[in-house]
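Both complexes below contain subunit A, partnered by subunit B and then by subunit C.
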Partner chain A sequence: MCTALIEVTLWMAVFAAAKTELIGGFPKESYLAYAIWAAFMARISVSWMYEFRMIEEIDSGSINHLLVRPFTFFEYYLSQMMGYKLVTTLFSLIVPFAVSTAFDLPTDATKLPIVLLLVFYYLILVHILSLIVASIAFHLNRVHSMTVAKNLGLWLLSGELVPLDLIPSPYKETLLALPFCNAVYIPVGYITGRLGIEQVYAGFASITWSILIFGALSVVMWRWGIRKYVGTGA
Partner chain B sequence: MKKYLRLYSAFFKASLIADLEYRANFLTRIATDIFWYLAQIVTFETIYRHTNLIGGWTVEQMRVFLGVLFVVDAFYMILFHDNLDRMSERVRKGELDLLLAKPVNSQFMLSCQRLGTAMIGNLLIGTSWLVWSLSQLPDFQVLNLFWLLVLIPSGLLVVYSCRFIFSSTAVIFTRSENLMYLWFQLYKLGMRPDSIYVPWLRILLLTILPMAFIVSIPARSLLFVPDYALFAWAIFWSLGLLYVSHLFWKFALKFYSSASS
Partner chain C sequence: MEIAIKTEQLSRTFKSYQKPEGLLNSIKGFWNRQYTEKVALAPTSFEIEKGKIVGLVGGNGAGKTTLLKLLSGLIHPTSGTAQVLGFKPWERKPEFLRQMSILLGQKNQLWWDIAPLDSFAMLAEIYDLDKAKAKTKVSELAELLDCSHVLQTQLRRLSLGERMKMELIGSLLHEPKILFLDEPTIGLDIVAQTVIRKFIGDYVKEKGPTVILTSHYMDDIAKLSDQLFLISQGQFVYQGTVQGFVSKSQMQQKIHFALAEKLNQDLVLKSSHPEGISLKAGQQEFIISVDQENIPQLMTQITQLSGLSQLRIEEADFEEVIHQFMEAESRLRKTRHSN
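Here is the complex of A and B:
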């Protein structure tokens, strides 16, 4: 909530000095709604805890008890993460929704189901990236900082900091072509009225091709790591 | 004092050796902070394409603010971050027993034993950005840089003391991860100029929760007419907070009942 408060005060200060009703074609309320929902979406669409745990399992060798079970390491942590995210989403959704309603900020609640579907679909991609980073732990010690670097990179590309449509060309087009804007910019833009449904459909498409590409890479990385692993911790 | 300096020098050497042993980790940590710097720069450069002022600060002044932020953050990461970040884990694993038995101040040992030497690269990057941003100011007074000699340490003391108090709660509650999240949220308040906040929040950030001391006050010393009373208050209160952190540590230790407390 503090993140949202900081971003809200920032946008209020921007509009107070800008001497204009609109920035990038949108009023102040649109940016305040964006700040509040962006903080919420950004929390959902990131995986810190489970990626750290995956790395820890490989580092310590405790992965052995998972390797002998009748499901994959990927499935085990995907189910845990999705369950956790589902519960936290349902509970924390109340906060941005209540704030938007109380301050009459532009938010279309009927768009929430498809937006949450998009974010949860994006989480599959996030988890594949987690598996890629965790697979590196088979070869190197101390890869936790890679998680931090990767998540900061994704955060930068997600649109939490500023709506991506404010960024000048050609950077804007590049960022929108990547799948990572589906973490924050596309879902928040859609529920706050900046974007249409076609961008959401394009988001589903971009996540799909990314899952295929990164999924293939994760399989290669995982097999390479498992071949090297001797069962006593990396 | 000599003993502590010798100890600190030994900590530095040991940390450097340990960091260089894991070279991929060493480089990734530098890359991580570069992403973080980029995020801050992109945010403000993008917003300034649509306005000339934010909270009364021009884009050139905001670049200086970011420079100070990068430098303070790099110092904090080098000196304290690794130690305070794993304090909760050390308490849980019972490592605190060993530290408390040593003939040195336990707060010093817990806070300074490990240095993030990889972050020295980030300090260079942050300092370069600060120097560049200052060179863009048409009326910058070089003598104002001397203020940084006291105001950056004062900001660091605030970050250290507040974070240490939060980390010390691990001794009382054993697990304090959620309180750490609260700390990060508070720290974020200091990562924006104090003038963007509403009056009541600004007063709070200059008094009880002095997050404005971390970057805003040092940046103001470079950019605006010096406010001696404010600077004196920042120095006094940061030293006061250090003392408060010491008192809190002694208080927290009363709850410690050895390993896995």
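Here is the complex of A and C:
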């Protein structure tokens, strides 16, 4: 909520200083709505807690009790994370929705289902990235710092800070070609009226190819790690 | 004879980084790493029949847990291969994992923050068990282990003995065909040890899984095992029965005897020892330690003593034999390290 407030204040100050009705073709209300929804989407589409736990399991050897069960480490944590995110989404959705309604900010609630579907699809990619980082814990200690670096990178690429269409070319095109804009920019842009449905479809496509590429990398990393694993502490 | 577990030249070597002291040396370690290798399990071949309980005995660092980790698929071997119920364990195929269970006495495998009943419900889902049947099974096992009253208490709030009972229930819920028990009675008091030992014995008799059991309590091994595997410094040094091992050992046996009256003069019993065994005048009860080979000769002489009122031979105790073996191994290890 703090981030949202800061961003709202920032955009109000930018519009006041610029003495203009439109920036990048959109009015102040559009940016305020973006700031409110971006804070919400960014919290949903990031994985700190479960990535930390995955690393901790490998580091401490408590992963042993999962490795001997008939499921994979990936699906065990994916199901936990998805369950947690679903509950969090349902409860926290009330806040941006209430604020947008109260201040009459441009938000199309009918677009929310497909947008949430996109974000939850993106979470699969996020979880794959978590598995890649966690797999490094088979080789190194203190891998948590990599989570911090990775999530900082994803935050910058997601569009939470500023709508990505404000970024000059060719950086804008590069950022939009990456799958990470599906965390914030695409879903928020769509429900606040900046983007059309075709960008959402393109988002699904970019997540799909990223899942394939990073998924393959995660399989390699996991297998490499598990071959080196010494069953720590048992 | 159906084989449940088979290994061929199975081995595992651990490589560890020798980190020198200090920050500068840590940084140097990025490009100039010093590694040491330790053979945790030397190439090992054995077969275990279905339904047998094998006691795996060895000192700390002998390679017992490494073997269990290999056979349960937790780690990959450095060389060789193993088949457990026809599967390569480290491939961790779901069909294999559904038929196997490992209990690590020093590690919690149930979920720490929730009540065991919830953990068991989760395990029932994981193993695709019928919910009603799983509930009945939990009740039965809890009854046998006398721990029904703690099933709804958070795991973290249970005593060590109660936790171990819960771990056992969790391990047996899906009725595994292969059961690896690593120190199931470690840290428990005598009463809890006895309860768990009896439970394991009864369960195995009823359900017939193949079991590999490691324990530092030789009573566990002696009372439960059909076969004994003795492991030292990563190598198998004995494969056979507990009795076979005891009789093969050089451990002395004890002859206890008593006379109706005190011995009136010193007496020497002939044995392979040149000086024989001397019995002092004025004594009435005697305990002599002898090698097995001397027993027949000495027994002949003792039974001829006038006024013999009691006579018994005390078999060498398994625990003592193992203790002696481990001491010898420990000395050997120290000698090797110092060289």
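Criterion: the second predicted complex is superposed on the first by the 232 of 234 C-alpha atoms of A that agree within 3 Å, B and C clash if a C-alpha of one lies under 4 Å from a C-alpha of the other, contacts with A are read in each partner's own complex, and residues count from 1 in each chain.
Just so it is clear, a contact is a pair of C-beta atoms (placed from the backbone, for glycine too) under 8 Å apart; a residue touches a chain by one contact, two chains touch by 3 or more.
Note that the coordinates shown come from a computational prediction; the quantities given were computed from them, not determined experimentally.
Chemist: Scan A:13 for contacts with subunit B and subunit C and give back first, second, both or neither.
Modeler: first
Chemist: I'd like to know which partner A:230 touches here: subunit B for first, subunit C for second, both or neither.
Modeler: second
Chemist: Give one of first, second, both or neither to describe whether A:79 is in contact with subunit B, with subunit C, with both, or with none.
Modeler: Neither subunit B nor subunit C is touched by A:79.
Chemist: On subunit A, which partner's contacts cover more residues, subunit B's or subunit C's?
Modeler: Per-residue touch count on subunit A favours B.
Chemist: After superposition on the shared chain, which partner residues are touched by A:88: those of subunit B (first), subunit C (second), both, or neither?
Modeler: neither
Chemist: Between subunit B and subunit C, whom does A:65 touch in the aligned arrangement: first, second, both, or neither?
Modeler: Only subunit C is touched by A:65; subunit B is not.
Chemist: Touch test for A:174: subunit B only (first), subunit C only (second), both, or neither?
Modeler: Touch status of A:174: no partner.
Chemist: Determine, under the contact definition given at the top, whether A:153 touches first (subunit B), second (subunit C), both, or neither.
Modeler: In the superposition, A:153 contacts subunit B only.
Chemist: With the touch criterion stated at the top, can you tell me which subunit A residues are shared between the subunit B interface and the subunit C interface?
Modeler: On subunit A, no residue contacts both subunit B in one structure and subunit C in the other.
Chemist: Give the list of subunit A residues in touch with subunit C in this complex.
Modeler: Per the stated touch rule, the residues are 61-62, 64-65, 67-71, 226-227, 229-231, 233-234.
Chemist: Within their complex, state which residues of subunit A touch subunit B.
Modeler: Subunit A reaches subunit B through residues 1-3, 6, 9-10, 12-14, 17-18, 23-24, 140-146, 148-149, 152-153, 155-156, 161-162, 166-168.
Chemist: Note which residues of subunit C are touching subunit A in the complex, please.
Modeler: Residue list for subunit C touching subunit A: 14, 65-66, 69, 72-76, 92, 94, 97-98, 100-102, 104, 106-110, 126-127, 182.
Chemist: Within their complex, state which residues of subunit B touch subunit A.
Modeler: Touch residues, subunit B against subunit A: 22, 24-25, 28-29, 31-32, 35-36, 38-39, 42-43, 46-47, 49-56, 185-186, 188-189, 191-192, 195-198, 201.
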